[in-house]
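One structure is given here, and the rest of the page talks about it.
Here the chain labels run A, B and C in written order, and each chain numbers its own residues starting at 1.
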Amino acid sequence: MLKQMNGPLLKTKAQPNSAGPSPEEPAALVPRRKFEHKSSRFADATFRYLMLACALSVLAIVVLIVRELILSSALARHAFGFKFFVTQVWDPVSGDFGALPFIYGTLVSSLLALILAVPLSIGVATFTTELCPQRLRSLLSYVVELLATIPSVIYGLWGMYVLVPFLRQYVQPFLAKYFGWTGLFGGYQFGYSMLAAGIILAIMIIPIVTSITREVMSAVPTAQREGVLAIGATRWEMIRVGVLRNARTGIMGAIILGLGRALGETIAVTMLIGNRPEIAKSLFAPGYTLASVIANEFSEASDDLYLSALVEIGLALFLITLLVNIVAQLMVWSITRGSAQRATA
Amino acid sequence: MGVGIQVNQLNAWFGATHAVHDIQIDITANHATAIIGPSGCGKSTFVRCLNRMHETIPNARVEGTVKIGDTHVYGNGTSAVEIRRRVGMVFQKPNPFPTMSVYDNVAAGLKLNGYRSHRDLDEIVERSLRQAALWDEVKDLLKKKSGASLSGGQQQRLCIARALAVEPEVMLMDEPASALDPISTSKIEDLIFELKQNYTIVIVTHNMQQAARVAEFTAFFLSGKLVEFDKTEKIFTNPGDKRTEDYITGRFG
Amino acid sequence: MMQSKFWWRSLQDKVMVGLAAGATLMVLVPLVAIFGYLVYKGIGSLNWNFLTQIPKPVGETGGGMANAIVGSGMILLIASLIGVPMGIGTGIYLAEFGKKRFGYLIRFTADVLNGVPSIVIGIVAWSLVVVYQKHFSALAGGVALGIMMVPIISRSTEEMLLMVPQSLREAAWGLGIPQWRTTLSITLRTASSGVITAVMLSFARVAGETAPLLFTTLGNKFWNFNMNQETAALPLQIYVYAQSPYDDWHRQAWAGALILIILIVISMSLVRMAASRGVFKGGN
């Protein structure tokens, strides 16, 4: 697809010339074509450079992002060094900043979201690609994708006034009563908690994990499914051995992409997590994530060190999500390239 | 030991398309029966009705009876899963499981059926690979080589071994050598000769020489109907139906 | 042994199918609940007043989000002016000119940009525009959202352009039409509905973003049409109202959310209609 653009242009120009002017065509037409060719060369070059500029601006933006993050966080980085990432204290008043509670909050809420979302996503993907009647398929996938269009702030709003009261009234007492022994469900039941944040994150990443899982499952060739059925497997066994197993790298990629999304999610989490920079074992306790602290405190940061610390948190968030997304892209890429190879094997 | 197959008034549809019409045929145990005919004549569809693979296609339908030994394939209490274990299938394009080693490919069906002990599995895997004439070529790399990394001919023999491992009584082969080179093809044909002693073989082929080489009986299909069914020798030297003769002599198809 | 094993396998099969169906149902629950609550809680407050008035002072009931709706429009306009040309241009470059390695680098960078959390983009826009101008503005918010639109539009534009068959381009060249004209009038025109779809998709996606606006546009209780000043925006207003202690503001938050989701659903439906109508018109 990426052909040399100048080649064909010159080639097709050559044809009418090499054929020579026919008796009908006055020779004057030939120089006219040449004239057009020259001016279009200039326009072509301009166009090409313009498009190149657009493409380069994408590079420039990313470079700018990295640059601004590094520069604006310089103050905090020099003040705290690597200790920043292992200190638990976050005290704007005394100017002592440590990012550990936020790292903990981000990781735990995202992990909880994955634990809840992944089985459901794989279940939905399996159902819609292998099990449900044809007519329902596009309807169901459309509906699941609808979940992806809901803005974060609306998830947060619904979370605050519907999910949290529901958790407070029914779910938390239930969990505390029967599963309190795990130590995960103790403490005062605010409602605004790691649990609430994890649940809303799970709902938010289900669409993307499901849609990519569906894609990789559909990419498994029918011959594989038939091969498993033919040796006498049940439907579920066929799915397990013939589809899920073949698609497992892609599914891992989907999961990691979901993780990347969860790590960077800001608004819904901020509205539900309680915003307290503490590390607690219980899921009922409030927490704080890297994105949330920026959202809450950035516009009110009163001094340069405070701001700089917040930017450094932004830098950390950027690097974490960058790493996760790269790993995910590689995995999904390997399956979509790999499946083309396998299909011809 | 193989069993015979009795097919009675078999009809099959793809949605509204009537692909197979009123097939009546008795396939002899421990012999190879070839199904020949031009493209689109319904031979693959017919064969896939024998192990209930046809119904896995959306909007597909089957009517009629098929008896394998004493079992009614489409009987009320019969499970498709069980039939597919008893009737092995080898597809036109080899389809080994790419995420599994050679060993695991052969053992796949066994593991599903509950064989867990390593000794049992080892024994059956070796036996199946020997039967498929693949053992010597892979015995040192059983667990290291993936099923998909073998050559085309080896892959197909692997698929045969995989099918044999679950101890079927019938082997269905849908143009098993059409995607292979001549040397692999002749290896597969030799294989069929060996397998005949223990299994009932039904082989779909568009290659008439192949039918003549490996099968005692041949059925000629045309437009979804069974035109003629007889000893291979008779079909190819003195066919009873003119249409058969036309096909054999290359006047069409 | 095979028989009992088979019974167990059959049971497993049924259980797993049930679980998969159950998972699907469970996923549908929040969807229905969210849309349901939005309508239930918001519909009562959707009236002419709400759509035309600006917020009343704290404590007084009534008022509306008119300034936020208009403000969002303004910010999205700025964002589109930045994001759409850059996105389409990048897409054109990748599809028509991109050489192997460099093109891959750009594509990779665009994907990286896509994955950057929106709040980080907010920080960068703050650093580039707000700090430079020494005040908050709608422009800064527009810049942030525009940056977010670029990778979405670029990837889809590239995909759509690649779907246009090469024979079409060659026909144009054969007629002596220069490269730039071919790309714009022929190739892009053919892929146009797909590209428009992509633009609207990115639009719908950034319309609901709050985080990048938190410290760029900041919000405004009053009308503002000056892009160099703080401006109200719909998602921002919802965010502030939802977390406030006033019941009346909660009510308005639901109403605002309902408007926001209606606008998004409308643009997504338009996207679906455009996509099914003719992405391939003119192809082959």
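Operating definition for what follows: a contact is a pair of C-beta atoms (placed from the backbone, for glycine too) under 8 Å apart; a residue touches a chain by one contact, two chains touch by 3 or more.
These figures come from a predicted structure and were not determined experimentally.
Engineer: Nearest chain to the global Cα centroid?
Structural biologist: If one averages C-alpha positions chain by chain, the most central is A.
Engineer: Is the number of contacting C-beta pairs greater for A-C or for B-C?
Structural biologist: More contacting C-beta pairs are found at A-C.
Engineer: So, what's the distance in Å between the C-alpha centres of chain B and chain A?
Structural biologist: That pair's centroid distance is 46 Å.
Engineer: In angstrom, rounded to a whole number, how far apart do the mean CA points of chain A and chain C lie?
Structural biologist: 14
Engineer: Just curious, how far off is chain C from chain B if you go by their C-alpha centres, in Å?
Structural biologist: 53
Engineer: For chain C, give me the residues that contact two or more of the other chains.
Structural biologist: If we look for residues of chain C contacting two or more partner chains, we find 9-10.
Engineer: Would you give the residues of chain A that are in contact with at least 2 other chains, written as numbers and ranges?
Structural biologist: 234, 237
Engineer: For chain B, what residues touch not just one other chain but two or more?
Structural biologist: Residues 81-82, 112-113 of chain B touch two or more partner chains.
Engineer: If you look only at chain B, which of its residues touch chain A in the complex?
Structural biologist: Contact set of chain B toward chain A: 51, 53, 56, 58, 81-86, 88-89, 91, 93, 95-99, 108-109, 112-113, 148, 155, 159, 162-163, 165-166.
Engineer: In the complex of these two chains, what residues of chain C are touching chain B?
Structural biologist: Going through chain C, the ones touching chain B are 1-2, 5-6, 9-10.
Engineer: What does chain A use to touch chain B in their complex?
Structural biologist: The contact residues of chain A facing chain B are 134, 221, 223-224, 226-234, 237, 241-242, 245-246, 248, 342, 345.
Engineer: What does chain B use to touch chain C in their complex?
Structural biologist: Residues 79, 81-82, 112-114 of chain B touch chain C in their complex.
Engineer: Given the complex with chain A, which residues does chain C contribute to the contact?
Structural biologist: 9-10, 12-13, 16-17, 19-24, 26-28, 30-31, 33-34, 37-38, 41, 85-90, 92-100, 103, 105-106, 109-113, 115-121, 123-124, 126-128, 147, 150-151, 154, 162, 166, 170, 173-174, 176, 178-181, 183, 204-205, 207-211, 214-215, 218, 235, 238-239, 242-243, 250, 253-254, 257, 260-261, 264-265, 268
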